[in-house]
Amino acid sequence: MKAIGKLDWAFSAGKIPLQSIGEEPKFTSNDKLAILNTSEEKAIIELFIFYENRKPMGPYSVTIKPLRLKKIRFNDLIDPEAIMLEQNYSCYIKTNVKVVIQFSRMNTGNNKVSEMSSMAFPVES
Amino acid sequence: MKAIGKLDWAFSAGKIPLQSIGEEPKFTSNDKLAILNTSEEKAIIELFIFYENRKPMGPYSVTIKPLRLKKIRFNDLIDPEAIMLEQNYSCYIKTNVKVVIQFSRMNTGNNKVSEMSSMAFPVES
Amino acid sequence: MKAIGKLDWAFSAGKIPLQSIGEEPKFTSNDKLAILNTSEEKAIIELFIFYENRKPMGPYSVTIKPLRLKKIRFNDLIDPEAIMLEQNYSCYIKTNVKVVIQFSRMNTGNNKVSEMSSMAFPVES
Amino acid sequence: MKAIGKLDWAFSAGKIPLQSIGEEPKFTSNDKLAILNTSEEKAIIELFIFYENRKPMGPYSVTIKPLRLKKIRFNDLIDPEAIMLEQNYSCYIKTNVKVVIQFSRMNTGNNKVSEMSSMAFPVES
């Protein structure tokens, strides 16, 4: 199958929620990417994290097998350093093959639940 | 009326929720597409489902009458095989005439409700 | 100020919720468009509504003053006929000057609240 | 790092919620932009606010340091005048360097919570 999507993506309104309530893992707070690699090649991905009051950090490296989807939880990105909890961040994502990226958050602190999701922004490259 | 939209679409953050609460069918958990065919022709649609740890499955075939909207619940896609519940999946959609596609989820498990919706990503073809 | 946006827009996942709970009008169920006209001209807008099992209806006519925003509640579109409640619908929107359109829903039936919003799809014209 | 994104953005469905409930600041009602500046230059940003029944107001001026993210709460925009609470508004945003903009709202009035977020619309310039 052919590669579909874009080589460069970004989103700006990231924030890893600190608190969770409810049944795990269905209602665990999270901030994550869903990346689809429809190509026959391994996708080699670099993420760069931007903050309000610190210099950018990265690249964080992720690979995705051919013809597979991968979910990336920002909590799990720890090399070169963990992403700050409860801090606003933005993310720029570069790949070697075209991919499709969606950004989602579920926030279940304070006995409420909210969820949002949008396609990341396909930067022209 | 002329055909509007794109021939190729994708989204990456699919997941069919398992549990529901509340009054049916208003608050039934679901994962679905809304596809608009403004053309005078029947739209012949092929969906391909991608997973994290299994090879892709498809095509799933759907048709839409001229000048009509169709809602597709992923739970209802059973040929060539049912889509896994509570598994992350992505979807690539191809059509013969231009269509407009929006992806939505309502999740009502655990006595909470969350809903999200976004346009699918219009892949250039 | 110059006109910004597009002349043709569409979204596919419309549905006017029937029930509401809570304080009016903050938490009234609704399905609506927010249309921004940054131009110095009156925007003359035509909406076409598509259904699953009926032929399309329209045009519904709306105008927007120069340099103004207008919110359009689908419940209020009654000429040439009211839009069906609790029926899935899609919408195609044409204008004479470029506008920017966002689609939103708040659903407050069944003692729950969910809200979603996304930019409509900018059809190339 | 290179500048990514667009020079002109807009969204149409703004509304600053009046009421909040719950733990501060996690569940404070808000309407905000997250703007990412990946360039090596300071981003100089002008926002123009459009209303339903008043003439547009602006420019509101904001700057973003090189390689940083900035969150802008619409409640905080007070020069040339505060933005009306509980009034529908739209926003057009111009910058000198490419940026990426996401628009989000959290609404926690009436003992409910809803959250939505979408990329702003990238106006071609």
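Just so it is clear, A, B, C and D label the chains in written order, and each chain counts residues from 1 on its own.
The rule is short, and it goes like this: a residue touches a chain if its C-beta (ideal position, glycine included) is under 8 Å from a C-beta of that chain, and two chains touch if they have at least 3 such contacts.
Because the structure is predicted, anything quoted here is derived from the model rather than measured.
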| item | value |
| --- | --- |
| Rotation in the CA alignment of chain A with chain D, degrees, nearest 5 | 90 |
| Far-end chain from chain C, centres as C-alpha averages | A |
| Between chain C and chain D, centroid-to-centroid distance (C-alpha), Å | 22 |
| Chain A and chain C, separation of their C-alpha mean positions in angstrom | 31 |
| Sequence positions of chain A contacting 2 or more other chains | 112-116, 118-119 |
| Topology of the chain contact graph, where touching chains are joined (line, ring, star, complete, other) | ring |
| In the complex with chain B, residue positions of chain A that touch it | 1, 4-5, 22-23, 26-27, 34-36, 38, 67-71, 100-102, 104, 106, 108, 112-119, 122 |
| Residues on chain C engaged by chain B in the complex (per definition of touch) | 8, 10-14, 19, 48, 50-53, 55-56, 88-90, 92, 105, 107, 109-110, 112-116, 118-121, 123 |
